[in-house]
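Worksheet: the structure to be examined is printed underneath.
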Amino acid sequence: MNRRFRLWLVAVGSAGLAALLVAACLELPDFGGAWHPYGDRAVRASLDRHTANTVASVNFDQRAFDTLGEMTILFAAVLGCVVLLRQTRDEHRARPEPADVEPPVRRYALIVLPVALLTGLYVIAHGQLSPGGGFQGGVVAATALHLLYLGADYRALERIRPVGLYEVGDAAAACAYLVLGLAGVLAGTAFLANTLLPYGTFNTLSSGGTVPLLNAAIGMEVACAVVVLLARFLDQAVEIEEESRA
Amino acid sequence: MSVLPYLVAAWVFLAGCYGLAASRNLIHAVGCLSVCQAATYVLLLAVGYRDDATAPVYSDIEPGSRPVVDPVVQALALTDVVVGATVTALLLALVVQISKRHGTVDPDELSELRG
Amino acid sequence: MNGWLLAAAVTLGGGLTATLWGVTTGPLGRRVVAQNLATAVACPGLLLLSQAYERPAYVDLALVLAVLGPVGTLVFARLLSDELTGHPPRAWWPTWTAAALGTAVVLALCAVTAPGRATVKLLVTGALLVGGNVVAGRALTGGIRGVRGG
Amino acid sequence: MADPVVVVALLLVAGSATLAVAVRDPVRQALVLSVLGVVLAVLFTVLQAPDVGLSQLAVGSAVTPLLLLLTVRKVRRRGQRKGRER
Amino acid sequence: MHHLLPLLVAVPLLGAGLLVAVGRALPRVAADTVGCAVSAGTAALVIVLLLNSSPPRTEWVGGWTPVDGRSVGIVLVGDGPGLGMAALASLLTLAALTYSWRYFEEPPRRHAGSYPALMLVFQAGMCGFAITGDLFNAFVFFELMSVVAYALTGYRVEEAKAVQGALTFGVVNSLGAYAMLMGIALLYARTGELTMSLIGRGLDAHGGPDALVLASFVLVLTGLLVKAAAVPFHFWLPDAHAVAPTPVCMLLSGVMVELGVYGAWRVYGTVFSGPGGVPAADLERMLVVLGALTAAVGAVMCWYQRHIKRLLAYSTVAHIGLFLIGIGVLTPQADDGIALYILGHAGVKAALFACTGILLDRYGSVDEHVLHGRARRQRAVAVMFVVGGLGLAGLPPFAGALGKSVAEEAAGGPLAVLYVIASAMTAGAVLRVAARVFLGLGPPPPDAGEYETTGSGEEPETRGRLGFVPDTMTAVPALLLAGALAAGVAPGFGETVARAVNEAGSGGAVVPVHWTPYGILLGLVSTAVAVGLAALAVTRPRLLAAPDWALPLRRLQSGHVGDYVAWLLVGATLLGALALPGVLGT
């Protein structure tokens, strides 16, 4: 099929889909309407269980099963990247050469690294109170580690980043989430039921029953997963080279 | 005016689809796919918006003092963001392997599977 | 609509439109500078929004952006160093303007916030933002040289 | 639709998404995508979804561009090596 | 009992997590054993739940039982069809893991657990999708199984075709999933709910169907039909199935694609079948037209393949078309038939892929022309391949034949003819391969020109070329075929399936499901046609060589991901156009 025919197809398909979507948009309730039955119920349920951030309550309590799936997608993608970006038989590792970074950039990276790590941990820890949570904080913390690559070089990063350990951490955190869920079944309630722990005082770090625990598990999972993911790509871009075939 | 956010979502989705179909570079195509996905975030959050409301986060406001937007769509969009990032990573990993095995990332030059 | 919201709308609308224009036109160097500018404009914008909605909790977004935005730019500076070394972009004028904007917004917000943890958070955000942008701008204009393998 | 700032953010999203598609070179597209990430985070904030905005910032500002650029680098490095060998 | 429903997802995931956590220290054999054990445990759990699924139970995850009929949680539905699909997925995963027992070449260094872990996550995703009663949760599990499937398809990264097929698969399916999510968002905007049954009630409360219902239906169905590989969303399937490792093909063709059909059936039945949904006549038009197209395209393309895995992949496409027609005619009887047909097809198709895998590993090729007469000594495999071909044709008493005959009677008339022709053509192609490869009959066939994918140049999947065929690799297809046969002969099995399907679908209207003389006759006719076609093709290759009119059809399958995206857009438009009359009429 040539390009022209393809673009014709796209034009026909997009026109049809656009007509359908625009017609649907005109039938939608007006933007900013006040009718959100599920949302209102979710807010009430969250306040009943002393979780200040209702989004965290939906994620880690009311629809925790969705988050289980989401976490698994991340877990599977990391596993997939480990498999897909493995070093194959016709490749070898070249030792990365040291990089030469200007002192201001190096100083900045070394100063911001701990700040960024702390920010990540703060965002995870306050997940059930203020905006943020395991996912957001985990990504920030994982990105923070890579400041070492930006501020120094790849070898410096490799020294503080035993990828194997992070893989184990990723899997262990995923298991922890599942075990917390199974605890509900063993206690005779239901999978992922938030009935095991006291709900605590509203708007404190220990409020919300199992929400902070699940949140922490996700935080660890995401941080480890992102580190492993980036490690695989960095390996490919920096270290792994193909044997030159004649 | 009251449908602008929905129309923006539809536009972004279709623009992403066009880019995907017309792309000459697989890395660019994966980028376009993430544009398509941005449309879903916009649509979800637009559906959950409520006029003059604030975020359903009670760390710094009293419960019940202000109307809040729908937290459910936010949770859905959050899940969606994670899904999008991981799918992007996985597809990019495949692109890396394609460039190694085929020596090109131009979809027009990949012609081993056909018929 | 209060004054803070108006200020946020103007900052974000004007600044990000300019950024968008900069990032899609011209040579690569200019585009990277524009990308750096996106952080520098959006972060004060988010701070203004937080004040406009009277939600101190929204400051977290600005904080995260101030931490990660410059990291993103440094990624570009590092991985595009080959393309950028030939034609180092000139970034002083927009970088310092954005830094001034960030400083002004942070100071204005500090003035209206009761002193306490919130002020500290604002100041940290401001310091990270301005410092990060200046360093990232510097890295773009030839800070990372001689990167070969790493 | 009381809020002009929502309109501004929506238009910015529409514009940057269109440009992200229109820019053909993957490196330049990565730059536009990173701006799109920031613009989306702003939109999510004005739609009162700071949680989503935060995760968009976390993913969009550093991780996704890093992945894209590392892929480009790997692909280009191959191309250059191939070119030298010929 | 129903508290155990979420464990169908949790148990395999826990197994996968443990495999990755301790996989570095684990020898290969241990990792494979753990994978099989966990998979088998889950399969046993599903079957126990399935035996207790009458009447259907629901489980609210996290104990969020509804208050005043509304809940904030996610519901899982433990009814016959859902648990049946979960059981099928679990059993096939177990079969695939057993088949690949110590089979792949060495796994990535110090990651012995990664392959069984991915398979277990795949199993969890399929089980979750099958039993969920929540639309967004269905999207999450849909993505989960897609993501794992991309990774598994590209598992052999040193194969150029494998990574290309996996990327095509990934892009098209992700786009379909995002379309589905747009549809879910539209439904949420209208009804404010995510539980499928509540969305259905919300739509009914709003009144007759309008553009929004139509658009959301089209978008959701686009996602599901991309997964189900209906024409014109089907292009990714042959590209992905031809290149995926054999055990993965068994899962993709045997159950994942069928889950797309199942999803369409479930979503229509619980969300869109009320007065506020899509009128029955429109659904029938959509699915029957699309199904007929799919069956025709799949059968024709299947006939003209020489790459054996690709041939089997197209035969899956053709059968998906038949399934779509079956659920499209909207009679309880057809639903029963399709349920049985899916079971029978899964066993037969997985067995055929397994046999092809043995060929690939013995001879390093899956090309019909290259293998001509080379596999004469593989008698056991030959017998299984032929039996599989006959099962595909619908020879009584295979379960597929029983299901097909029931569906044919329900569809009636010209559609029954299509059933016979499509199954006969795909089976004929399989039998032709068997005759050429295992018996060496006929002259070597001519090449059809450059516009085709050959099956040569593939690397064997095992460690080195196999000197002998391991017992696990022959036992698995034999058991699968035996299962497909047993499901057709076992007295009362059909009735049980029919009761389970009807309890969930049409509210208890049990229709008798048994062999009828008419059904047996049609089954024999299609088998005879298949044998005849194969004999003709082998003895007179020129007569049935690809005619000119088939070339444009082959050219459509261009391997270009942009083309496939364009077809996806066209397909969505086509779906909308087909359903438009009913929506305009109300």
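For reference, chains read A, B, C, D and E in written order, and residue numbers begin at 1 within each chain.
Quick note on the criterion: a residue touches a chain if its C-beta (ideal position, glycine included) is under 8 Å from a C-beta of that chain, and two chains touch if they have at least 3 such contacts.
Protein identities per chain, from UniProt: B = Na+/H+ antiporter subunit C; C, E = Cation:proton antiporter; D = MrpA C-terminal/MbhD domain-containing protein.
None of these values were measured; they are calculated from a predicted model.
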Quiz item: What is the set of chains touching both chain B and chain E?
Solution: A
Practice problem: Determine the set of chains touching chain D that also touch chain E. | Solution: A, B
Practice problem: Using mean Cα positions, find the chain sitting nearest the overall protein centre. | Solution: B
Quiz item: Using C-alpha centroids, which chain lies at the maximum separation from chain B?
Solution: E
Practice problem: Report the chain whose mean Cα position is at the greatest distance from that of chain C. | Solution: E
Quiz item: Among the chains in this structure, which pair is joined by the largest number of C-beta pairs in contact?
Solution: A-E
Quiz item: At what distance in angstrom does the C-alpha mean of chain C lie from that of chain A?
Solution: 24
Quiz item: Per the centroid of Cα atoms for each chain, what is the distance between chain A and chain B, given in Å?
Solution: 15
Quiz item: What are the residue numbers in chain E that touch two or more other chains?
Solution: 136, 140, 143, 147, 150-151, 154, 157-158, 163, 182, 186, 188-189, 194, 555, 558, 560, 562-563, 565-566, 568-569
Exercise. For chain D, jot down the residues that touch at least 2 other chains.
Key: 1-2, 22, 30, 48, 50-51, 53-55, 57-59, 62-63, 66-67, 70-74, 78
Self-check item: Residues of chain C engaged with two or more neighbouring chains
Solution: 53, 55, 57-58, 60-61, 64, 68, 71, 75
Practice problem: Could you list each pair of chains that touch one another? | Solution: A-B, A-C, A-D, A-E, B-C, B-D, B-E, C-D
Quiz prompt | Partner chain C, residues of chain B touching it in the complex | solution = 54-55, 57, 59-61
Quiz prompt | Contact footprint of chain E on chain A as seen in their complex | solution = 1, 6-7, 9-10, 12-17, 19-21, 23-24, 26-29, 35-39, 41-42, 45, 58, 61-66, 68-70, 72-73, 75-77, 79-84, 86-90, 164, 167-168, 170-172, 174-175, 178-179, 181-182, 184-185, 189-195
Exercise. Could you please specify the touching residues of chain A with respect to chain B in the complex?
Key: 3, 6-7, 9-10, 13-14, 17-18, 21-22, 24-26, 28, 30-34, 36, 38-39, 42-43, 46-47, 52-55, 57-59, 63, 66-67, 69-70, 73-74, 76-78, 80-81, 84-85, 126, 129-131, 135, 202-203, 222, 229, 232-233, 236, 242
Self-check item: Touch list for chain C against partner chain A, complex
Solution: 57-58, 60-61, 63-64, 67-68, 70-71, 74-75, 78, 124, 128, 131-132, 135, 138-139, 143-150
Quiz item: Can you list the chain C residues touching chain D in their complex?
Solution: 1, 5, 8-9, 12-13, 16-17, 19-20, 23-24, 28, 31-32, 34-35, 38-39, 42, 45-46, 49, 53, 55, 57-58, 60-61, 64-65, 68-69, 71-72, 75-76, 79-80, 83
